[in-house]
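Pasting the structures here.
What follows is a pair of complexes built around chain A, which joins chain B in one and chain C in the other.
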Partner chain A sequence: MTDVKGRGDPAASQRAAALPGLRSDEGATREGRAAKAARRRAAETESTIPVELYGLRRGTVTLLTTLAFLFAIFTLVPIAWIVINSTKTQANIFETFGFWFARPFSFFHNFSLLFQNVDGYGTYIQWFGNTALYAVLGGAGATALSAFAGYGFARFSFRGSKVLFYLTIAALLVPITALTLPLYLTYAKAHLINSLWGMVLPSMISPVGIYLMRVYVDISVPRELIDAARLDGAGETRIFFRVALPLMVPGFMTVLLISVVAVWNNYFLPLLIFNINTRYPLTVGLGLWSERAQNSGNAQLFPMVVIGGLVTIIPLIALFLILQRYWRGGLLLGSIAN
Partner chain B sequence: MAAISLSGLTKVYATGVVALDGLDLVVDDGEFVVLVGPSGCGKTTALRMVAGLERVTSGTVSFGDRVVNDVSPRHRDVAMVFQNYALYPHLSVRENLGFALENKKMERAERDRRIRAAAAILGLQDLLGRKPRQLSGGQRQRVAMGRAIVRSPAVFLMDEPLSNLDAKLRVQMRSEVLRVHRSLQAATLYVTHDQTEAMTMGDRVAVLQDGVLQQYDTPRSLYAAPANVFVATFIGSPAMNVYEAGLETSGSVPTLVLGSQRLNLPPQIAARVAAYQGRKLIAGVRPEDLAVSSGPGLVADVRLVEVLGSEQQVYFSVDATQAGGAAAAADESAQAGILAASAPNGMARLDPRSGVRAGGRVTFAVDPARLYFFDPDTGRAIGR
Partner chain C sequence: MFTGRRGRSAWIQRRDRRGIWFVVPFLVGFVLFMIVPLGYAIYTSLYTSKIIGGTVFSGASNYTQTLQSSQFWSGVVRVIIYACIQIPVMLVIAFFFATVFDLGVAKFGRTFRTIFFIPFAVPAVVGAVMWSFLLEPQFGPMVHLANAFGFSGTNFFSPSLILPSIIVIVIWEWTGYNMVILYTALKSVPRDVVEAAILDDTPLWRIIVRIKLPLVRPAIVMLVFLNTIGALQLFTEPLILSYFETGSVSANYTPTLYLYNTAIAADQTNLAAAGAVILGLVIVAISTASLLFRRRRGEFS
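Moving on, here comes the complex of A and B:
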């Protein structure tokens, strides 16, 4: 019991351990308060799992845990709200308590409305299809390009590679609003307004993805493996797909998730380039419904906006759960001896 | 015929560091050549240039008559065993072995035949379906070897392939590597920092220091006739004792002065070092060439005795100054807390029954014919 790790101070625990004879002597005046506290701490470590958090004091750990817990509630509250209110009628959304259920239960009625063109401005199911298409093409493209570029930056030294990489990173710093006008004018000239490619092409460029892949390749694809493959007579393309890519899977899946989520949730770009309702993704479509519900007297759209929002996030949660199993370490086990 | 010839091979890194300086080396067909030297001596750089993984600053690498400086590693047809194996972790042993053959677009039947043959040579038959992570260190090492063997390459390169194995397995794999070499008869360039490996494995051994070739010879010659102090102290274990010495004539007898002691030299030995009469030189004697004597000889204080069973290693100090690198190393250990005055500056391998005790005094018989002499300025061997 003197072997207490990362909890309290070891000297105090040792003192406590040295005083077993006094243990039953509760309230004895000759016991100092410090010794009591030390004994209590030592006793606790015997019964509970010791918490180790960078050697922080117990009070600090409790405070941080509380803060994290509050933040978790803060982020989960809107999701709880949307789940609860997706079961309500239009009137109940406004008239009943927002964080509890109310009769009648109209979840399935609301859900069926998503497949109908209620006010003649478009159907949810079509926007859902659009979003899926944009996200799959854009996300897959961004992931592929990030993997190629990240691998290239990490494993080839060519003239200007550093400058190019820093330029890529610098692109992160430019706010998208600053690009609105030039982007729109370019699109108009290039006939990309209302075009699928207008949405997909910019989505395929992901500076974050490139950066992530570069870092990931650096730590997960040893140069020796690439050297070995070269000496084994493999061409660079073959090395990438057969040797490097299998080791890049966790990073690859991370970038895939980030990119798909980014396209799925993108509001600004589609708002800018699409002015035909049937081309809208979910974000813009729901925005249109929300605006019409508030300003054009189409109040029957409110429940649809709520359940539409809920259905929008379900595929992302599913994607996260599916990709989760690819995040694992140890891919290099057995390859490189240290 | 020369399978690999390196001529004036030089590597200067962008930082200005000269990793390899004008290496000339010829590896004949079927020869097993070892590149040995302390870490940072340029041996791995040399090997990587032969493989094509490192760009040549100047000089040439030739396979046969063909200069391959500008041939990519992919097209050089060399097989290499890496220090850390570099196995493809997601491929099975079979796929690891077959990867190079697949790249050659070899037919499946021939590929399988070769994989089976290589697996048989290395005893991997039962492991073909396993992934590298399911193998022991020794098995991984065999797969790394097998990956090179299946290709039956003209040139075989090995970069410290045994350094990650434990001592026992390393000794076992040494003979295994040689067995494989004999069955393949491919010109092999083998890099190691371990002089024992170099001596036991190489047909010829090239000793490198600071990017410069010190000597290229058979292990026997390296041991018997080292070209300079570095080779003399690097080859042989335990290392040769080297001391600063003087050469005088007392009466008509030439004598070697070691600190306060004098050793008479017979005429034919004296003739070898005649040019150094009255000057300083470096004298060396191997630990195994010292024996306890009851007559005259080199008197030393015994500091420490290590009994190994078949022999005992006796650390002693004589009142002569250690020469060159050996002295620097002794200084370091003295600074590390060992009292400089009592630090041993020599070592002898003696019969365990010789009765030498730590703290005692011993007289070594020194056979002058077994002494090595070196120039104190250049370090070069004298009279050979």
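Moving on, here comes the complex of A and C:
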């Protein structure tokens, strides 16, 4: 997608003027992809005033671009480091310059170690599978429950609906720590330590997801449409799946993205509730390896921590780059709702 | 369409009652995985396990013990200091770049926005591991860099530099996310307001401070609020750093580390439960107070 900001493409502004209500373009799902992209570009041009009008001193744009460039370097330095050092042997990680490659090229050897149980602390590929399983089940569950409940809160006013919604929002104020430790204590009592469901089920409870879905239903599923479907004799379940859900897709995708990432990156809950390494997700496994590598003399784990970290972040970065328009739209929801 | 007011409202009521079934699956999970554990934590915090005599009711003694523990409070003070530095620094950087990209006064804005957001996809564990390698006192490339600039003997993991190091790591992790939220908020500032100001020859910095900043204030308030809750629970970064440098991060470095070590390493679950309840109440109190304060000043709708 091209960046047309500040270039003042007149054709695009004309299109923008001809199309009112640009901000709700996420809701219109029936449109062609190209038309949507054009509208989005037009929207961006429309809301950006040509730079020349600001009356800036010459060189300001260059200066600001340089500052942004410097911050981009700061952001990319650790990523570059982990990519480069995933190709190094243990000795070279410590002895050679951190930001350039060194011989021998050890990437494939390091990578193959991810399939082995080195030193008996666990196998990376198993942790990867566990993480994917927890993230898919927990993320899908959280999204489904949030979509149901968000729709219920947004479009029905049953007895206690307001109180229940405020209670859900209040749960946002309670720190994760103060919720996770009690969960661990309860599991210890209920013999749920090391249980798959002990990890997945609490991950499905997402007050943020419910809040976002409620806001999204409010702006994208018209009450009249639901009433019309009711007059046609459709049942509530059918209306939800056939009428409301298709309109909720962008919000649904955003909540799915947020929930999957939340489970993928979760550290505190699995750290507490799993004490056998065959159950670990990536975060806990990598934490264990780092600790062992430093403090138990298992220095051969260092290259595995490095390549393991790289393999952990690649799927998520890829997911974010592919689904950009959903996190952008989703975060917008979070800010306009205030 | 309908026979009368009564008929209509009865129809709506019956219809609305059915809506609860959409909420029930969530409510069941909410009760089982939030309310019940919290209740159990409160219950168990009122007991004490003894080697001789088993578990006995001990009333508020776990609470008084935690509240009198200098270990617990030193962690609380530390995360408050940490929050007072990390959050303003990060929000200033985030607001600066959000404004720059919103105005379009830097080139390649879209690319930069995407790059800045990447750390959000990196788990805190991996972020902390990467930075630990970079800052490591003996081999870390950042130490070589510091030496090259004349700061020889810099140790980023020393007791005096460990907190600034943690702040840098967290700023790396979260600035992009905050920037994107501020950017989307800035994008919703009406264009004609800004255009009118430009026609009046208002200088750009004045437009930013007097027009844009007040209009995105709700988003900033929300970010301060979310970041404060997050900062007070600081855990992953100091824990991972402690693997690389055991000396500078004590077992009670932050309240969450204190709770973790009390529950797992020391196996004093009753005491940890009391600590979790206290920490929860402290954070809820801080966030509620800030909400009420903002509401009174009419900033939070």
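By our rule, the second predicted complex is superposed on the first by the 244 of 338 C-alpha atoms of A that agree within 3 Å, B and C clash if a C-alpha of one lies under 4 Å from a C-alpha of the other, contacts with A are read in each partner's own complex, and residues count from 1 in each chain.
Just so we're on the same page, a residue touches a chain if its C-beta (ideal position, glycine included) is under 8 Å from a C-beta of that chain, and two chains touch if they have at least 3 such contacts.
Computed from a prediction, not measured in an experiment: that's the story for all the values here.
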_Tell me the contact category for A:Ile125 with respect to chain B and chain C: first, second, both or neither._
neither
*Have a look and say if chain B or chain C is in touch with more residues of chain A.*
C
*Have a look at where A:Pro246 lands relative to chain B and chain C in the superposition and call it first, second, both or neither.*
first
*Regarding the shared-chain residue A:Phe71, is it in contact with chain B (first), chain C (second), both, or neither?*
second
*With the two structures laid over each other on chain A, which partner does A:Asn85 touch: chain B (first), chain C (second), both, or neither?*
second
*Pick one for A:Phe94: touches chain B only (first), chain C only (second), both, or neither.*
second
_Looking at A:Pro222, would you say it contacts chain B, chain C, both, or neither? Reply first, second, both or neither._
first
*Considering only the touch criterion stated at the top, classify A:Arg230 as touching first (chain B), second (chain C), both, or neither.*
both
_Going by the contact definition given at the top, which residues of chain A touch chain B in one complex and chain C in the other?_
230, 331-332, 334-336, 338
_Contact footprint of chain A on chain B as seen in their complex_ = 51-53, 72-80, 82-90, 99-100, 103-104, 131-135, 137, 140, 147, 151, 164
_Touching residues of chain A toward chain C in the complex: what are they?_
1, 3, 5-6, 23, 46-49, 51, 53-56, 60-61, 64-65, 67-69, 71-72, 74-79, 81-82, 85, 93-95, 97-99, 145-146, 148-149, 151-153, 155-159, 161, 164, 168, 171, 173-179, 181-186, 188-189, 201-202, 204-205, 210, 230, 236, 240, 261, 264-265, 267-268, 271-272, 282-283, 286-287, 290-291, 294-295, 305-306, 309, 312-313, 316-317, 319-321, 324, 327-328, 331-332, 334-336, 338
*Write out the stretch or stretches of chain C touching chain A in their complex.*
15-23, 25-27, 29-30, 32-34, 36-38, 40-41, 44, 93, 97, 100-112, 114-127, 129-134, 138-141, 144, 172, 175-177, 180-182, 184-185, 187-188, 191, 194-195, 198, 201, 203-204, 218-219, 221-222, 229, 232-233, 235-236, 239-240, 243-244, 246, 255-256, 259-260, 263-264, 269, 272-273, 276-277, 279-280, 283-284, 287-288, 300-301
_Touch list for chain A against partner chain B, complex_ = 222, 224-225, 227-235, 238, 242-243, 246-247, 330-338
